[in-house]
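Sharing a structure here in C-alpha cells format.
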Amino acid sequence: MEHTIVGYFLQFEIMKNLVEMASSTLGFNASSIIAFIIFLTASLILLLIAATIGGLGTFAERKISADMQMRPGPNRVGPYGIVQMVADFIKLFLKEDIVPVNADRFLFYIAPILAIVGVLGTFAVLPISSGLIISDLNVALFYAVGISSLVGLGIFLGGYASNSKWSMLGGMRGAAQIVSYEIPVILSMFTVILFAGGLSFGAILENQSGGPIGWYLFHNPFTFIAFFVYFIGILAETNRAPFDLPESESELVSGYNTEFTGMRYAFFALAEYMEVFVVAAFASALFLGGYKIPFNIGGDSLIGQVLQAGMFFTKVALIYYVVIWIRWTLPRMRVDNLMTLCWKYLTPIAFFNLIGSAVWIYYFGNKSMWNLIFS
Amino acid sequence: MFLQVVFILSALLTVVSAVMVVFTRHIMYAAVYLLGSLIGVAGLYLTLGADTLAATQLLVYVGGILIIMIFAIMLTGGQDFMKNSRKSFLQVPFMGNVKTYVFGGLAALVMGSIGTKLIMNVADRFSEHSEMLSYQSTIEVIGEALVTDHVLVFEISSVLLLGALIGAATIARPIKKQ
Amino acid sequence: MMNLAAYLFISLVLFLCGIIVIIARKNIVAILIGMELILNAAALNFVAYSRYVTHHIDGHIFPLFIIVVAAAEAVVGLAIVIRFFQIKETIHIDDATQLQS
Amino acid sequence: MIPYNFDVFMPVVILLFVGVAMVVVALIAAKIFRPHNPNKIKNQEYECGENPIGVAWSVFNVRFYVIGLIFIIFDVESALMFPVVTVFRRMRDQGMGGVVLIEVLLFILILLAGFAYCWRRGDLDWVKSYKRPEGESK
C-alpha cells in the first residue's frame, strides 16, 4: 500500500489514529474500509478534475487555434471566455438525444461507455505527485496500455452501431489506426522501461531528476529518438491532427461520432481530450521527469507535493500546447501515408531503439551519456 | 472483503457474459459479450494475485484478438446486404437452430456432470485460508522465469508467432485481379 | 466462498459455454469465439491451481503462452475464414466441405 | 517478502465503475431536461441530406484485416516482452546480461524476419501496386 494515496495519508499520525478508532468501534480491521473511502473520494475528485481537464482542453483548443489565426476566439462568456466550456456543457446537456432508427441500439448505448471507461481506467495510475498517485501498481504501464485499448474498441463500435456510412468508415479507420500506432508507442515505452527496470511510475521516476540532464529524454541517444517516436505515436493514437482521419471533418462529416448527439457526443469528445491529457502525462513521466522538481525542493512535505503537482501540470500543459500547435500547423495525412509512416518508419525505428538500448544497458548499465562523457 | 466483492462481480460478469455468448442471435453481440467475459476473467486473475496475467489479458485479448474478430465479422458478415434488410445480418451467418442447440446442450450436460464430479473432489480441500503467492508483483518473477527456466518456450513462441504471421498474411492477402 | 472449487466451477461454466457455442453455431467466426472461451477456461484453471495448490509461478507462465497460442490461432483461423468467404461467399460451416476449391 | 495486498487494485475497480456510472447517470439526468420530439427525417442516419441507401454494414476491404493481424502478432510480442524488459537491467547486474541480451535479440530478430517478409511482399502497403504493365495478365 505504500505507493498509493492511502499510503501517503497513512504517514500522518491522525490517519493512523483514525484507523485504530474505526477498528475499535467497528470490531474488525477497518483499514480496508478507510482505504476504500479515501480511494472513492480521490477517484471522484479525480473525475471532476478529469472532466474539467476535458473541458479546458476544448477551451484551450479553441483559444490557441484562435491565437494562431490571429482572431480573438471565444471571449463572451466570462473573462477571456473561460466559462465557455460550462456553456458548452450546458448546451450539450440540453440537446435532444437522437438515436437513428436503423442504428444498433445496444452497441450505440455501450460505445461511449467503453470509450470513457478506457480513459478513466488509466487515471488510476497517473503520477501527479509523489504522494498524489492514486495507486502506483506494479504493472502500472502495462495496465494503462491494456485498459486504454478499450478506447479503440469504443470508437469502432460507435462507428459500427451508427449504421451510417461516414461513421462506419471513420470507425474502421480509427480502429486500424489506433491498433497500428500502438506498436511504436509500446516499443518506445520499452526503451524507457529497460533503463528504469520497473513498470510502476515510482520506478520510472526514481532515476530521473528535476533538471533536464536527469531526464530520460537526454539519457542517451536511443531514448531521445524514442521520445519522438512516442510523441508521433500518441498523436495518432488519440486521433489528433495530422492523424485525425477517423473524424476528418472535410471528408467524413464527423467520422465515428457523426450520429451521436448531445451527451453521447460529449462523452466521445471528453474521452478524446482526456486521453490526450493522459498520454501527455505519460510522456512527461516517461521522458521528461514527470513531477520531479530540481534539487527536490519541498521534499515530502505538503508544499513539496503542491510544487510537484504544479511541475507535473506545467509539463503536461506544455505538451498539450505542442499537440494543439501541431494540429493547426500541419495538414492532414492521407491514409496510405499514415500506414506507411507507422509500419515503414516508426516501427523499424522503434525496434532499432529497443535493440540499441538493450546493447547500451549491456555495456554501460544504467549510466547516462553525461556520466560517460564527464567521467 | 473487497477481494470477495471483486470476485463475485468478476464471476458474475464472466458467467453471465459467457451464457449470453451462447444465446445471442447476433454475431456482433456475441463478440461484445465475449468482451465482458474476457474482462471478467481478467478480474478473476486479479483476485488470484496474477496482475501481470490480468494486464496481458487486457492487452492481447481486448486490444488485439477482439478487434481482429470484429474486423473479421465486418469482412464476412455483409453479403446480400443491399437487397435484404438488416435481418440478413442476423440470419445469414447462421447462429444455430434448435437441433444444434439440443446437441450442444446434451454435450454440455455430459461434460458438466463429469466436471462437477471432478470438482467435488477438491471442493472442501483448498479453501481461502491457504496463503497466496508471497510476491508483491508477479511481473519480475515472470520476467526472470521467462529468461531462465522457460527460455526455450519463450523463443519457440516467437517462432510460432512468426509462422502465424507469415501464414496468415499469405492466406489473407487480397486476391489479385485476374 | 472463495476457494479452488469456486474458480474451477466458473472455469467449467466457461468451458461448457464454449462447447455449446462450438457445437450449436454454424458461423465459423462464432465458433472461433467459442474457442476463445475454452482457452480462457483452461488458463483460469492453471492460475487457480497455482494460487491454491502449488504456490508456484509456473502456473502463471502457462496461461501467458495459452494467450500467445490463442492469438496465433485466432489470427490464422480468421485469415482462413476470410479467405473462405472470398471464395465461397459464405461462412456457414456446412459449406466448408471441400479442401480444395 | 511483502504479502500480496489486494487493496491496491481498489481504485482501478472503483474508476471503472465510476466511469460506467458517470455515463449512465449523465444520460438519465439529461433525459429530464432535454426535449424529445423525434420525427422520421430526424431519425434517419445522416447522409448529407439525401435519403440513405441501404445500410452501412457492408463488406470491407481485406487490408484492414492484414493490418490487424500484423498488429496482433506484435501486440503479443510486446506482451511477452513486458516482463523481460522489466528485469533486464537487474539480470545484467546479476551478471546474466549477455545471455539475456542474446535471448531478447533472438526473439526480436525472429519476429523481425516475419516483419521483413510482410514488408517485402507488400502487406504493409495500404494501396497495393503490383507494378505490372497494363496488358500483362497472370
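Order of writing sets the chain letters: A, B, C and D. Residues in each chain are counted from 1.
To be clear about the criterion, a contact is a pair of C-beta atoms (placed from the backbone, for glycine too) under 8 Å apart; a residue touches a chain by one contact, two chains touch by 3 or more.
Computed from a predicted structure; not experimentally measured.
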Chain closest to the assembly centre - both centres taken as Cα means: D
Per the definition at the top, count C-beta pairs in contact and tell me whether A-B or A-D has more. A-D
Among the chains, which one keeps its Cα centre farthest from the Cα centre of chain D? C
From the mean C-alpha coordinate of chain A to that of chain B, what's the distance rounded to whole Å? 28
On a C-alpha centroid basis, what's the spacing between chain B and chain D, in Å? 16
At what distance in angstrom does the C-alpha mean of chain D lie from that of chain C? 20
Multi-chain contact sites of chain A, meaning residues that touch two or more partners: 32, 36, 102, 137, 142-143, 160, 163, 172, 175, 179, 182, 199
Please output the residue numbers of chain B that touch at least 2 other chains, ranges allowed. 2-3, 47, 49, 51-52, 55-57, 59-60, 63-65, 67-68, 71-72, 74-77, 79, 86, 132-133, 135-136, 139, 142, 146, 157, 161, 164-165, 168-169, 172
On chain D, where are the residues touching two or more other chains? 5, 7, 9-10, 55, 57-58, 60, 62, 64-65, 68-73, 75-76, 78-80, 82, 85-88, 90, 104, 115
Return all touching chain pairs. A-B, A-D, B-C, B-D, C-D
Would you tell me which residues of chain D are touching chain A in their complex? 5, 7-12, 14-16, 18-20, 22-24, 26-27, 30-31, 33-38, 40, 42-48, 52, 55-58, 60, 64, 67-68, 70-72, 74-75, 78, 81-82, 85-90, 92-93, 97-98, 101, 104-105, 108, 112, 115, 119, 124-127
In the complex, go through chain D and note every residue touching chain B. 1-7, 9-10, 13, 54-55, 57-66, 68-73, 75-80, 82-88, 90-91, 96, 99-100, 103-104, 106-107, 110-111, 113-115, 117-118, 121, 123, 128, 130, 137-138
In the complex formed with chain A, which residues of chain B make contact? 1-2, 28-29, 32, 35, 51-52, 54-59, 62-64, 66-67, 70-71, 74, 86, 136-137, 139
Complex interface listing, chain A residues touching chain B: 32-33, 36, 102, 104, 106-107, 110, 137-139, 142-143, 145-147, 149-150, 152-153, 156-157, 160, 163, 172, 175, 179, 182, 199
For the chain D and chain C complex, residues of the former touching the latter: 62, 65, 69, 72-73, 75-76, 79-80
